[in-house]
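One structure, as C-alpha cells, below. Some questions next.
Chain naming follows the written order as A, B, C, D, E and F, and within any one chain the residues start at number 1.
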Amino acid sequence: MTLPFAIIAGLTVGSAIAAMSLRNLVHCALSLVLTFAGLAGLYLQLNAEFVGFTQILVYVGAVSILIVFAILLTRSTEPKDEPATVTPWIGIAVAISAFLTMALAVLASPVGKRAASPMGEVSVKTLGQKLMTDYVLPLEVMALLLTAAMLGAVIIAMKDKEGSR
Amino acid sequence: MTPLSGYLLVSALLFCIGLAGALTRRNAIMVLIGIELMLNAANLNFIAFWRFSENPETMTGLMFAVFSIAIAAAEAAVGLALIITIYRHFRTANVDQVEEMKG
Amino acid sequence: MLGTGILKGMLETAKNFAGSYHDPARLTTVEYPEQRIASKENARQFPFLVHDTEDPMKGLRCVACQICEKECPPQCIYIVKSKDKRADYKGQMQLYPVTFDIDLSVCMSCQICVEVCPFESIKMDTEFELSNTDRFGGLLVNKHQLAKSNDHYRKIHPSEAAASDAALAVEVAKAQAKAKADVEAKAKAAAEAKAKADAAAAATPVGAVPSAPQPSSPATGPAAAPAA
Amino acid sequence: MAELFAKLDALPVTLKHLLMGLLPGATPEWLVSVVSAVLTITPILAVFPLMFALTTVIERKGLGRIQNRIGPNRVGIPLTDIRLYGFGQFIADGIKSLIKEDVVPRAADKVVHFLAPIALLIPVLLTYSVLPFGKSMVPLDLPQTGLLFFFAVGASTELSVFMAGWSSRNKYSLLGAMRAIAQMVSYEIPLILSSLTVVMITGTLSLTAIVQSQSGVHFGFLHNWHLFTPWGLVGFFLFLTAAAAEANRTPFDLPEAESEIIAGYFTEYSGFKFAIFFLAEYLGLFAMCGLGITLFLGGWLPPLNIAPLTWIPSWCWFLGKLSALIVLFIWLRGTLPRLRTDQLMAFAWKFLLPMTLINLVVAALWYLLRDSLPLYARWPLCFAMLAVPYWLLGRGFEAKFTKREYRYA
Amino acid sequence: MPLETLEQILARAGAAVPGAQLSLVKNDSPCAQHSLAVDVEHAYAVAQFLRDDPQLRLDYCSNVTGVDYLDAELSEKVKVKKLVDGVEKEVEEVKKTQRAGYLEAVYHLYSMALKHGPVILRQRTPGRADPVRVTSLTPLWRSAEFQEREVFDLYGVLFDGHPDLRRILMWDGFKDYPMRKDYVEPDDYEYEPTPHDEVLARAKAHQAAQEVGA
Amino acid sequence: MDAPANRTVQSVGQGREGELLEVAMGPQHPSTHGVFRMDVVLDGETVVKLKPVFGYLHRNHEKIAENTSYLGSMPYTDRLDYFCSLSNNWAYALSVEKLAGLQVPERAEYIRLITAELTRVLNHTCLAGFLLQDMGALGTPLMYAFREREKILDLIESLTGARMMCNYMRFGGCRCDLPPGWLDEAKKVVAEYPKFLDEFDALLSGNEILMARTQGVGKLSAELAISAGITGPMLRASGVDYDLRKVDNYGIYSRYPFRVPLGDHGDVYDRYMIRMLEMRESLKILEPALNDIPDGPVVDPKAKLRGFRPKPGEAYGRIESPKGELGFHLISDGSPNPYRYRVRPPSLINLTILEDMCLGQTIADAVITLGSVDIVLGEVDR
C-alpha cells in the first residue's frame, strides 16, 4: 500500500462517513463531493484517466449540484426537519455485517493479491471506437435512457407546478 | 503499487457506509446520497478489476464504469425530481411521513 | 439581424474611447487639487460679513438688526446685539453685533439673508473647502471668522460688488446731503433765530454761531470705491 | 540569428533545466519531482495573478476612457511624486484588501464560508495546468484527456459558488448563487459543444496536439488556424459567448448584478476573501480565453509564418492574444447592459445550443468534403450553412422586440 | 369644453344624490378656486357622480390634502344696517363667533378626458376629537391611495373603505400625528452644540433628566 | 364601476408559502435611488408581492413650511426633487402668485420657461442614464448623461449661483437677471444637444439587449394610469394625451408650438423613448425662446420680499415638472406664514401602482420598472 493511496482512500472513506452522518444536509452534500473527488483520484491511480475526469465532470459538476438544489428546494437544510430514527442500530449492524462478510471474502481470495499488469495508456480514440463498434447497442440504449430520464424529470417537475396553481 | 485488495476494501467500505446511510437516514435526499455512494463503490470495483485483469486492453470494466456513471446521473436527476415533487405535495422530504401514495 | 444594435453600440463606445484622448470637449473631468475650475461670478457657498476698515471688527457693516436671523429658513444665524452704539459708515450711530454666529452645518446656502439685508453687510462667499475634523465646533463660525473685507467681496463678485458699492455710495451721498442739509437748516434756523434775536434785542451782543459737527467720512468707505 | 530567437523562445524551459541542474546528484527522486513541480508552478502563479492585477487597472482605465473619464492615475511610488500612470493602484488595492477587516455574518456557516473562496481558487488554478503557453511549455501534458481535464476541473467551480452563496445566509447571496449555478450549468453545454468541433476535426483531446494541428499555411499566407474555417469562426464566437457567461462577464453578469442582488454570491465577503473571489473570477476568465486561443486562435503560433514574427517567442504570442481577448471583454463590459434571467436561459438553450449543434454538423461536413471540394467552394458553402440558421434563430429573437414609431398628440 | 359653474355642479350633484348636504366654500384669494363641501356620509356617492357624469368626467384626482382647523374665535367684519341717530346707515361691526375645530380632507379633481378642472371637494369632520372619520375615495381614484394614507399618517384622519390604511411616511411605531396644529415636538433631542442656546439648554436638561431616570 | 385595481397577490402566491422568498430590497440597495425599500416576495425570481416602503428621508417639509415665511420655503422646494429645483421653484412661485394675485414680467416668464425646459432636458438625460445603470450597463450611459448634464449645470450655476439648490425664482419674477453672455452660452449648449441625443440613440436605442429587457416590461394601461393619477412622461407613455403645458397653458408655453409624444404600450421602453423624444421637443422650445427673450425687469416691482402677507384664501397651482404634475396647495390666513402648505409630489403618486406593474415579473424587471418611474426620494418622502 503506497502513501498516496492511503491518503486518498482515507479521505474518501472519511468524507463518506461524514456525508452519511452529519446533521446539516448541505454539509453532507459537500462531504459527498469530497468522496466523489477522492474516488476520481483512485481512478487516476488505476490509470483510468478518462473515467476519473468524467467522474469529476458528472458527479462533482452535475450530480452534486442537483443534490444541493434538491436540498434547497425541499428546505431540508434545517436539522429539525429530520427526527432521529427509531432504529438506527439495525441499519448500522446490517452494514457492518455486510462489510465484514465482504472484507473476509476479499482478504481470503487470492485474486486480491494480484499485481497490476503493465499496460500502455488508454487512448480515448480506442475508447470511442469501441463505443461505436462493440458497445454500440448499449450506447444507443443509454442515449434512450438519458432522453427518457430528462423528459421524465421535466414532466414530473412541471406537472406539479401546474397542479398547484 | 497497491494490490487489488486495497481497492476492493475501500470499495466495500464505501458500499457499507452508503448502505448504513440509506438504511438509517429518513430524509429522502440522504437515502439517495447513500444509494449514490453504493453505486460509486460498485464503479470502483469495475475499474479496479479492469486494471488488475489479465488483459486490460479489452476495456470491458472501463466501459462498464462509463455506462454506470451515465446511468447514475440519469438516476439522480429522476430521483431528485421525484423528491421535489413529493415535497411539494406532502410538504416534507421525510420518507416515513410520506405514507399515502395517492396522487 | 441580431447583433447589429450591439455592434453599433460598440462602435460608439470605441469612438468615445478614442475621442477621450484627442477631443478635450469629451473629457469633462478635472483633476481637482491641481486643476480648478474658475468659480462662476454668481457662485455662492456660505455667507460672510463685509467690513470696510482695516480692523475687521470695527468696520463691520452689520448693525445687528436681526432681519437675517429672522428670515433665515433653517435658523442657522445667531446674533446678540450690542448695548452701546457706534458710528457706521454713514456716520449714523448704530448697534453692532456682539455675537454673530453662523452654523455652517445647518446653513443651506440659500442667499435669503443676503437678499433681505438692508445694509449690504452680509454676502455670499465662494469658499467651499471647509472640511473639518470637528463636527460641531468646526463648522460653527463666529464673527471673527466671518468678517472679510470689501476688497474680497469685489474680487469674488465684481459686478455685484460694484452695484452694492454704488448703492452704498448713494446712501452715503444721501446721508451726507442730509447732514449737509441739516447743517444748513440748522445754520439757517440759527441765522433766523439770530436775526429774530437781533431784531428783538439789537442791543444784546452777538453770540457764538452754533457749529454743527461735520460727518466724518470713512477712510475706505464705499464712496471711495471705484465705480466699475 | 534564428537560433538566438529559438533560445529566447525556450528561455523559461532552459531556465528551469538550469535550476534543476543545481540540485545535487544524490537528490532522491521524489524531491526532484517536487522541485520540478514547484519550478513549473511558480511562474504560472507569478505571471497570471500579476496579469490579473494589471488587468484590474487597465480595465478601470479603459472603462474610464470609454466613459470619458480619466480613470485611476494617481497611485505611484509612495512618498514621491512618481505616479506610474496609476499602475501602482493594484498594489494599493492589494494592501487594502489584505488589511481590511474580515467581516463574517453571525449567522453564517463559518467553515463553509471560509472554505468557499479557496475551493473556488484551486480549481481555477488547476485549469492552467493543461494550457500550452508556448512551444513545449505545458505544465501537465495530458495527451489523452487534456481538454476533458480542463472542463472537469472548471465544472467544479460551481460548487464553490454554491458554498459561498449558501453559507453567507443572505438572501441576495443565495439568489446570486442560484443564478450563477443555473447559468454555469446551462452555458457549459454550448461551451463544451463548441470546443468539440475542434476535437472532432483534430481527433485528439490533447491541447498541445490541437495547437500543432493549426500550424500549416494556406496559399502561403493564410494561417491554418481554426478561426479561418467557417465552423471555427462561428465556433469561436459561440465559445466566446459561452465563456463570457461562464466567467460572469457583461452582458451575462447576472450572478453579481449589483443593481438587483448587490454582489450576488459574494455579497457577504470582505477583505482578503473578497479579493480571492475577484482573483478567481479573473483567472477563470483568463483560463477561458487561453482555451479559446488554444482551440481556435492557434495557441502560441504567430499569425503569419514570416521571419520577424516567428522570432518573437511563442509565449509572447500567447500572452498577446490573451491580452487582445481581455481588451475585447473590457470593451464589451463598457458597452452593454445586462440580460434578464429568463432571456439568459432562452439564449443558451434556444440560440447557442442549436447553433453549436449545427456547427458540429457543419464541421463534420467540412471534414468529409476535404478531398472532394476545393477550399474556395467548401468555405462559402459551409459558411452559408451556418449563416442561414443564425439569421433564422436571430429572427426568432427579434420577433419579440421591435423598434417603435411614436405618435404625437 | 369650459366647466360649468360650481353652483350648477352643486345643484346637479344635489339632485343626483338625494340627501347629500352640499355647500359652497368661498375662496377669497384672487384665483377664486371655490370648493364644494360634502358631508362624510354622502361623499362617496357625490364623488362617484362627479367622476361618472358625462359632462364632468372628473376622472383624475390630482391632489388630496388634509387641513387642520383648531377651535378658534373668528372675528368677522359685518356690515349691518342700523339706525344711527334715526338714519339708517351701514355700519361695520366686528362680529365674533366661536368656531369648533375640525379636520378636512380636500380633493382636487380634474378631468383628463375633457381637460378641465379643478373641482375641489372637501370632506369635513364634525370635530377634532379622535377618531376622526371621513370616507375614503380610493375605490374611485387609485391616486388617492397613498395620499389618503399620508393624510392619515400626518393628521390622524381615518378613511373608511381604504384598502390599506397604514402609516406611510412616519415609522409604524409612531404614535402622534405631526401635522396637526397642536402637535408638540417630542423631547428627544440629540446633543448638538448649535448656536441656539435654547435648544442646547433643553437638550442638556433632557440628558440630565435621562441620567436621573436611569 | 370601480377603479381598476388589478391586485393579484393572493392568486399568484397561493399555497406556496414555504417556497417563497421574502426580500427587503433597501433601504440601502444600489438600485433604489436613495433610501427606499421594496418589500418583495419572490417565487424563484418572480415577484408575487411588492410593497414600497419609504419615509426614510421624511423631514416633514410641509410642517417646516407652515412655520416659516412664504419666501423661506423657497429654498426648501429645491430639496424636493433635487434634480429639477428650478421647476419646483416655478411651481411654488406660481402657486403663491395665484394666491396673492401677482403678475410676472415678460422677461421673467421667458427666463422661467427657459430654465424649466433646461431642467426637463437635464432630468430626462439623467433618468436615461440611471435606467441603463439599473439595467446593468456599467456606468457608460450614465457617464455620457452626466457629461451633458454638466453643461446644463454650468449654465444654471452661472445664472443662479448654485448647481442644484438654485433658489432662483421669487414671487412675481426671478431673483436676478441673466448674467452677460449667458444667452450665447445657452444657445451653444442647446444647439449641440441633439448631437448627444443622436449619440445616445446610436449607443442604446437600437440595442437588442435594451429592447429585450424593456419591451413588454412594467406595462401600465391607460385606464389604470388615469385612475392612479399618474402624470408626466409615464402617463404619456401609456398613451394618454395630458400635458399641463398644453392643458393649463401656464407661463408662455402657448407661444411655442411643440408636440407631445405618446406611447402605445405603456412599458418601460415606451417610458424611456418618450423621455428621449420629449427632450428633442424641449430643445425645439428652447431654441426660439432663447432668441425671443425681451428686455425688461425680471421681477414685479410690487412684489415684496420682506413682510409678504397674502390675503386669506387658498390656491392650488401646478406645473408640468419633468416627473409629472407638481402642485402646491396653499392656504393663507393672512399671516406671514402659510396656514397650510401642501406639495403634490409626482414621484410619490407615480409610485402608487408600482406593485401592479411588477407583479408576475422578475426581480430584475422590478428594478428597471422602478427606474422608469423616475422617483426622487427627496420628493417622495418630503
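Quick notes
We adopt the following convention: contacts are C-beta pairs under 8 Å (C-beta built on N, C-alpha and C of every residue); 3 or more make two chains touch, one makes a residue touch a chain.
Remember, it's a predicted structure, so these values are computed and weren't measured experimentally.
Minimum number of contact steps separating chain C from chain D: 1.
Contact count check for A-D and E-F (C-beta pairs in contact): higher for E-F. Relative to the centroid of every protein C-alpha atom shown, the closest chain centre, again from C-alpha atoms, is found for F. Note: the chain lying farthest from chain C is B, by mean C-alpha position. Chain B and chain E, compared by their mean Cα positions, are separated by 74 Å. Computed from the mean C-alpha positions, the centre of chain C lies at a distance of 36 Å from the centre of chain F.
Centre-to-centre separation of chain A and chain F, using mean CA positions: 60 Å.
Distance from the chain B centre to the chain F centre is 62 Å, each centre being the mean of its Cα atoms. The residues of chain F that reach two or more other chains are 18-19, 140, 144, 147, 203-204, 206-211, listed in rising order.
Counting partner chains per residue, chain E shows two or more touched chains at no residue at all.
Touching of two or more other chains is recorded for residues 88 of chain B.
Residues 109, 112, 142-145, 148-149, 151-153, 155-156, 158-159, 162-163, 166, 174, 178, 181, 185, 188, 203-205 of chain D are the ones touching chain A in the complex. Interface of chain C with chain D (complex): residues 1-3, 6, 9-10, 12-14, 16-17, 19-21, 26-29, 31. Those residues of chain C that touch chain F in the complex are listed here as 2-6, 8-9, 11-13, 16, 26, 28, 40-44, 67, 71-73, 108-112, 115-116, 124.
The residues of chain E lying in touch with chain F in their complex are 27-31, 33, 52, 59-63, 65, 67-68, 106, 108, 112, 115, 118, 120, 138-147, 150, 154, 163, 167-171, 178-179, 183. Contact residues of chain A toward chain D in the complex are 24, 26-27, 30, 33, 37, 49-50, 53-54, 56-57, 60-62, 64-65, 68-69, 72, 77, 121-125.
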